[in-house]
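Below, each structure is written out as structure tokens.
Both of the next two complexes hold chain A, though its partner changes from chain B to chain C.
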Partner chain A sequence: MSALTLERGINEFKAQLDAPMASFFSSCVSCGMCAEACLFYTENPDPRHTPIYKLEPMRRVWEQEYTLVGKLKKALGLGKPVTDAELAEWQELVYNNCSLCGRCSAVCPVGNDITYMIRKMREGMVASGHAPEGLIGASTRAVQIGSPMGVKLPALQAQVKHIEKATGMAVPFDKEGAEYLLMLSSMEIMNYPEYLEAVGKILTNAGKTWTLSTDCFEATNSGIQIGSSDIARELVSRVVNAAEKLKVKTVISPECGHAYTALRWEGPNLIGRPYTFAAKHIVEVLDELRVQGLLQTEGFEEAKLTFHDPCQLVRRGGVIQQPRNLLNLVAKNFVEMSDAGAMNWCCGAGGGVSANEDANEVKMKAFQRKKKQLDELKVDTLVTACANCRIQLEEGLEENEMDLPVVGLTEMIAEHLVEREDKGGAS
Partner chain B sequence: MNEVDFLLWVKGPAFTFAAVVFIAGVALRLFEILSLGRKQNFAVPKGNPMQGGLREIWRRSLPVDKPTFQRSLFTIVGGYVFHIGLFVVILLLGAHIALIRSVIGFGWPNLPTPLVDAFAVITMLALLAVLAHRLRHPVKRFLSTPTDYVVWGATFLPLLTGYMAYHHLLLSPQLMLALHILSVEFLLVIFPFTKLMHTFTLFLSRWYNGASMGMRGVKS
Partner chain C sequence: MIMSDTDFRKELEQLSLVQQRRVGAVFVRNVLALTADPAVAKVVDVAANAEEAGEDELALAFKNAKAAALESHTRCGADSDWQAQAGYFVARAASALVAPAKQAKAPAWEAAANARMARTCGMIESADATMHEESEAQYRFLEQFLNDI
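Take a look at the complex of A and B:
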């Protein structure tokens, strides 16, 4: 790879600029409503944290390169060129202070999709050498080792053996023609092994064929977070290749927000064609099983509980009702937090923030928003469907001395599973 | 040049010039935007992008969800008042409709002039209020560029001069009318090259964002 330079960064900005971005820049009237929608502003009110301001260097490139007035100003020496120092300064705005949560895009009165813009701006930040170390490390490990956390296949195989021994259930690898290919996140393998056991139990019990792949088990995509389409394409191609090799019908994206965005929305565009399989989030799959009558539960959670919506699932993914359907199966005392659903607040660590050590302090400030929502409710349990949210929530709760267990939705459902007698076709 | 000559010049060559710059400028800006194009989307849609696009074009003119409304109360209410006011004053004043009829050959019923006059006062007050808010609000002040204040002035002046011409204030009604038309011409000339363009581009922006939401099955 050639050296990362300002010139490459600016060229990448130019390549990323498209009609929607030009329209968004043209439409902004500096009303400031995006700031009020952004937890990195509301919890840390520096005007520089205003979402649209995070785009300022890229806006100037657009103006100078793609508008008549900007070109005239540039020719007359009146346009202020974007400098390397400026991009270095913007790194903390574009990465540490944005989780790509999409609330700004949801409230903008002129309709600007600011999150879409920041995702694109990160491409130029990478090309100019202004991406955070933590994300560079995660991306490098993802490409070289196959996991951003450096988890290798033997670690997963060891865990699988443990699950098989404990439950007597077979956990298949590389089963050709299975209906579902189950993808995981390293976070689940390392911190929440309950997840794999829970999904395995539910799918097996539903009589579905499913498999893991030894070629590729990691669904998360650091390329999406850092903003490198090259890396993102490489990582998503591994999933696509594994799925097509095993001829599965559906790939299940794990309890992870951005993995879903990577696989469901960006993946086909990264590889430049539609998939030969469906890509679904585990919560979508579970809700389908519920509708088909293949997911029966018994008993109810005693605790008063609430659900934290992962941003990439609701605002950026349209998976809003499914987790609620599932929670209502097993919880009698399920209460919604304020702004629940499509306008729920981010945990504070999505979009690469959690992998970026530079953001350790601001992500805890951002967590204060979630704390306020939780303080209003006084619940006993917090349920979510994203391992990355979960780690941030646990860290935030601990830091704020709040004694509140955080549970993955899939595990909670698995605990109430009724064993079906007719499990025809189970692996 | 006496007052009559000035008025004739303003109504004649100056108006033609402003109208040409406005129309050509808006067309150029829309071309600049649309010609950038966008990539084909290969993801299987969950919902209908077209429905989503149309829904957002409409919905983003309505008040947002309650908590967001409360957080941005002044911006939203102030914005509504002066936009509705501008709409009424520009499009429902008898004299304006007569002008439109003379240019495009048809018009529509007008509101009584004293009522439009009241709207003009309310609109000016709202514009002064949003300007004060812009100067005091940390985010708005921080984001605002000199052009933003020029745009504010260019929007305010036609209201003020129109009001003063109607009420025969300060200058002769004839001269004030000429200044009123001149201020509108200034507005038309800077329109395509400033944030005033949002009048048109917001429909595009809402469409793009809404289509993306529709495709993902997100309803706001």
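Take a look at the complex of A and C:
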């Protein structure tokens, strides 16, 4: 990399150093609690994997540029400048060894939001040319094609035709004034096509109007993962434009953790204004239908099952009780993992780790934490509500020779759906 | 004559688990050329001979089918290759046929649906009327199977 890209990266670090960041750096007491909360450290205990240490180059920029001591040291030639080689070395710490799961932030005794800091540090890593190739490719495709996996509209339309033929249900596109705009992730389109059928069945059966958009069907946001607010803003804007064009009341984020974070939490800040619609995760919508009496189920799963909490949905998003309410509709033998809920452990592949081939080995090491949780329970089925978690769990289970099916929560609910006679003319 | 998926599924539901595995194997064999993984063909052979297959044999076949599916899925964020993705759906179809009895809710239907997705992968960029030819073929396979039992 050239001196120019290093300078760009350093400038981006400076631009990202806002008041919370300065406060967090000056508050850190080096207690190490974030290390014990991070599965990339607990499963691979190298001191460099301590979450706060992953921010060290950015901390030095903060110290040298914005503190008296740091400025003096720099003036006297005692400060250690951040180098390009150093940032290259840090790439694996900031991307491969962090899933932005937020567990470090949750335990920090002085309240430092380390995940927020890593997210900001990634902005400088992108500017300095030190982002993983896998994430660069995904982001490029997301901007140019509209999907990080290069999935185009005809692929979705083909899937819709299958669903319509198999179910007799109409899957609407571009229905103006629909209550819900259903967004998807490319992972669901490519690997789990049953998700769309399940949501369609539930919404139609509930008598709700819903639609897909031909302008924008992808909810995932590679900009959030790689750490580029420009890309993140562009991708969120597409969803917002589609939702406003169709005048929907609610946009449904799919079973994808970071898509929810992007749409629900970062989106309005990225575009600089509030939405004209609500943004909800599918699990939130399903639970609302349950409360309204529009989601009735019959029968119970016989298997002993547990729920893997997707970090972005549960810890970062606060959607803790809703998936449990839904599971209790259809499961008599639902058991919780240790640390279930807000402090559950990450699957090991969030925050762009799964899209980063350099992290393949690391993410399987990180999965060992989930394995330990599952070994304690001896369940028959593992349920989750994030397609990215699901594929990581399936891979981890396979690698560890654990025979355990992984099921999407929405699909499980759809399998127990009781058909309502009065659907209120929905589609 | 089976004319719709409603009729198709109704007929499938009336079959025993072993019969579902056998007819499902016919569905999967019709798209087997879309996978490059030879292990999947062996799984389908086990399903086709489900009457004689022991529990251990079925369990091993299920393990191999799941491994083949995981091996061929598209990684999150990776560029889509629909031709390769067809292999994933073929493996999933095979996996549905040999799943343990307690997991197998509708094995033949799941195999049929995944076989259709596998076929569709080849024409995913230009979905047209021909994408339903696989389901028509499955209707005929099922009719033949029902005649033979």
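By definition in this document, the second predicted complex is superposed on the first by the 422 of 427 C-alpha atoms of A that agree within 3 Å, B and C clash if a C-alpha of one lies under 4 Å from a C-alpha of the other, contacts with A are read in each partner's own complex, and residues count from 1 in each chain.
Please note the rule applied: contacts are C-beta pairs under 8 Å (C-beta built on N, C-alpha and C of every residue); 3 or more make two chains touch, one makes a residue touch a chain.
None of the values given here were measured: they were computed from a predicted structure.
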| item | value |
| --- | --- |
| Room on chain A for both chain B and chain C (clash or fit) | fit |
| First (chain B), second (chain C), both or neither touched by A:P148 | second |
| Chain C, chain A and chain B - angle at the middle CA centre, rounded to the nearest 10 degrees | 150 |
| Which superposed partner A:E302 touches (first chain B, second chain C, both, neither) | second |
| Contacts of A:G77 with chain B and chain C, given as first, second, both or neither | neither |
| Contacts of A:Y53 with chain B and chain C, given as first, second, both or neither | first |
| More chain A residues in contact [chain B versus chain C] | B |
| Chain B versus chain C as contact partner of A:R264, first or second or both or neither | first |
| Chain B versus chain C as contact partner of A:G32, first or second or both or neither | first |
| Partner chain in contact with A:P405 - chain B first, chain C second, else both or neither | second |
| Least C-alpha distance (whole Å) that remains between chain C and chain B when both complexes are overlaid | 26 |
| Chain C to chain A touching residues, read off their complex | 5-6, 63, 66-67, 70, 73-80, 82, 85, 88, 102-103, 105, 113, 116-117, 120, 123-127, 131-132, 135 |
| Parts of chain B lying in touch with chain A, wherever the complex brings them together | 28-29, 32-44, 46-47, 56-57, 60, 64-65, 67-68, 71-72, 75-76, 79, 137-145, 148, 193, 195, 197-198, 201-202, 204-210, 212, 216-220 |
| Chain B contact footprint on chain A (complex, rising order) | 17-24, 26-33, 35-37, 41, 45, 47-48, 50, 52-53, 66-69, 105-113, 116, 264-269, 271-275, 278, 314-318, 320, 338-339, 342-343 |
| Residues on chain A engaged by chain C in the complex (per definition of touch) | 134-135, 137-138, 141, 147-152, 154-155, 157-159, 161-162, 165-168, 186-187, 190-191, 193, 222, 225, 302-303, 349, 352, 354-357, 380, 387-388, 391, 394-395, 398, 403, 405, 415 |
